[in-house]
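The following block contains the structure, expressed as structure tokens.
Every chain is named by a letter (A, B, C and D) in the order it is written, and numbering of its residues begins at 1.
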Amino acid sequence: MLEIELCGRLADVGGALAQIAIPENGCSVAELFGLIAQQHPALAHPLVSGRVRACVNETIVTPDARVMAGDEVALFPPVSGG
Amino acid sequence: MLEIELCGRLADVGGALAQIAIPENGCSVAELFGLIAQQHPALAHPLVSGRVRACVNETIVTPDARVMAGDEVALFPPVSGG
Amino acid sequence: MSAEVTLATKEFDPAELLGAFTHGLGGEGAVVSFTGHARGAAKDGAAIEALVLESYRGVTLASMKAIAADAMARFDISRCRVVHRTGRIAPGEAIVFVATASAHRRAAFEAADFIMDRLKTEAVFWKREESPDRKRWIEPTSGDHADAQRWQE
Amino acid sequence: MSAEVTLATKEFDPAELLGAFTHGLGGEGAVVSFTGHARGAAKDGAAIEALVLESYRGVTLASMKAIAADAMARFDISRCRVVHRTGRIAPGEAIVFVATASAHRRAAFEAADFIMDRLKTEAVFWKREESPDRKRWIEPTSGDHADAQRWQE
């Protein structure tokens, strides 16, 4: 199981944390998005928008990056400071 | 006689004040510039540069404006604030 | 050459920050500051009780530092200061403060402008306006994206 | 809608001015300030003891007010503050302070930038750098004229 933090408006849809079952040897971020959409259908819509980025161990990563159990994973909807 | 204040770098050349004899019924600013150049040759060079403006009674005026004895006249070289 | 970047969890005073920034100058001729304040009304006129900014661990501060470093590299400025609130912000309170210093004014103006455009579109914050009866997430506007786009050559 | 313009004969504190300006806001989201400080060295590196600004009676203040009024008319700003020193200014002291406030940041940035460009080329001041062995009059540079020209459409 991977615990994923949902940031910003994503928490309104899926709660602050989502538990996702992932393959034992990990998966890519793109695959993770697919698993999240399956296991938490409410998150499917924002995830297919192409505007959500994954942050793994405090680094924003591309869809081909790999995640493993134990990684600190967060989903970032579009950001805005100021 | 008209007393003219010389501002900025013009005072380095002609002192802070210049006394200029003008016709009794006044003259245009363009004519005044000619009289100043005659009576204070050191000021001729800056005056022909086209970069000096006349201020009459606290208003910057064009060369065709008229000046009379008793007017408060000042010559402004290029200004720069900030 | 120095950039000082802070993520603030409490109200701060822009005037005090400008004073400290000015005090630390080493002969620069030009200082520009920008302060963004929380508004008391939404775009549709509805009253806002608070602006709430969420941030994420070290990533938020790192995103602010990256923007400040980009500005230092890109413009002929000698110092910059960036302070950004996180958490609950009451109307009128400052959200963000940016100051830049340079020998000549154009660089200080452009760098402050650039930092703000980037903070609006790239700094890792999520913000929402809260009123008693609703909350509304705010994302960068098309104007914010167009502003940020100006710096791409 | 208000512009407050002052010709200052003594040293002033930019941080205090920003504080007072911010205190007087009525819900504007964006505040930009610019401060110009006297430099301690001339362009050729020679030490400067003082920058001396001459002004002329009511004409100097009137020229500052005209620039502020132009900015209020031209940009979507709700307030502006302009303070300019006259007299003898030591290195490091503030020469000029401009603050602008607007609902959205672009107008505040542009208005402050515009006011500075106009003050540099049109405000009625004559300034000279003084050192023990020379004095040198400073006129707007070609860069200053080019900056001011940007606002002509």
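Convention: a residue touches a chain if its C-beta (ideal position, glycine included) is under 8 Å from a C-beta of that chain, and two chains touch if they have at least 3 such contacts.
What you see is a predicted model; the values in this text were computed from it and never measured.
**Q** Taking each chain's centre as the mean of its C-alpha atoms, which one ends up farthest from the centre of chain D?
**A** A
**Q** Nearest whole angstrom, what separates the Cα centre of chain B from the Cα centre of chain C?
**A** 50
**Q** CA centre of chain A versus CA centre of chain B: separation in Å?
**A** Inter-chain centre distance comes to 76 Å.
**Q** How many Å are there between the centre of chain C and the centre of chain D, using C-alpha atoms for each centre?
**A** 23
**Q** Quick check: what residues of chain D touch more than one other chain, meaning two or more?
**A** As it turns out, chain D has residues touching two or more other chains at 36, 105, 116.
**Q** Find every residue in chain B that makes contact with two or more other chains and list them.
**A** Counting only residues that touch two or more other chains, chain B contributes 82.
**Q** Report the complete set of touching chain pairs.
**A** A-C, B-D, C-D
**Q** Once bound in the complex, which stretches of chain D touch chain B?
**A** 36, 53-54, 56-59, 62-64, 84, 95-96, 116, 119-128, 137-140, 144
**Q** Show me the residue ranges of chain D that touch chain C in the complex, using the header's touch definition.
**A** 13-16, 18-19, 22, 25, 27-41, 91-92, 103-106, 108-109, 112-113, 116, 143, 147
**Q** In their complex, what parts of chain B are in touch with chain D?
**A** Residues of chain B touching chain D: 5, 7-9, 12, 55, 58-60, 74, 76-82.
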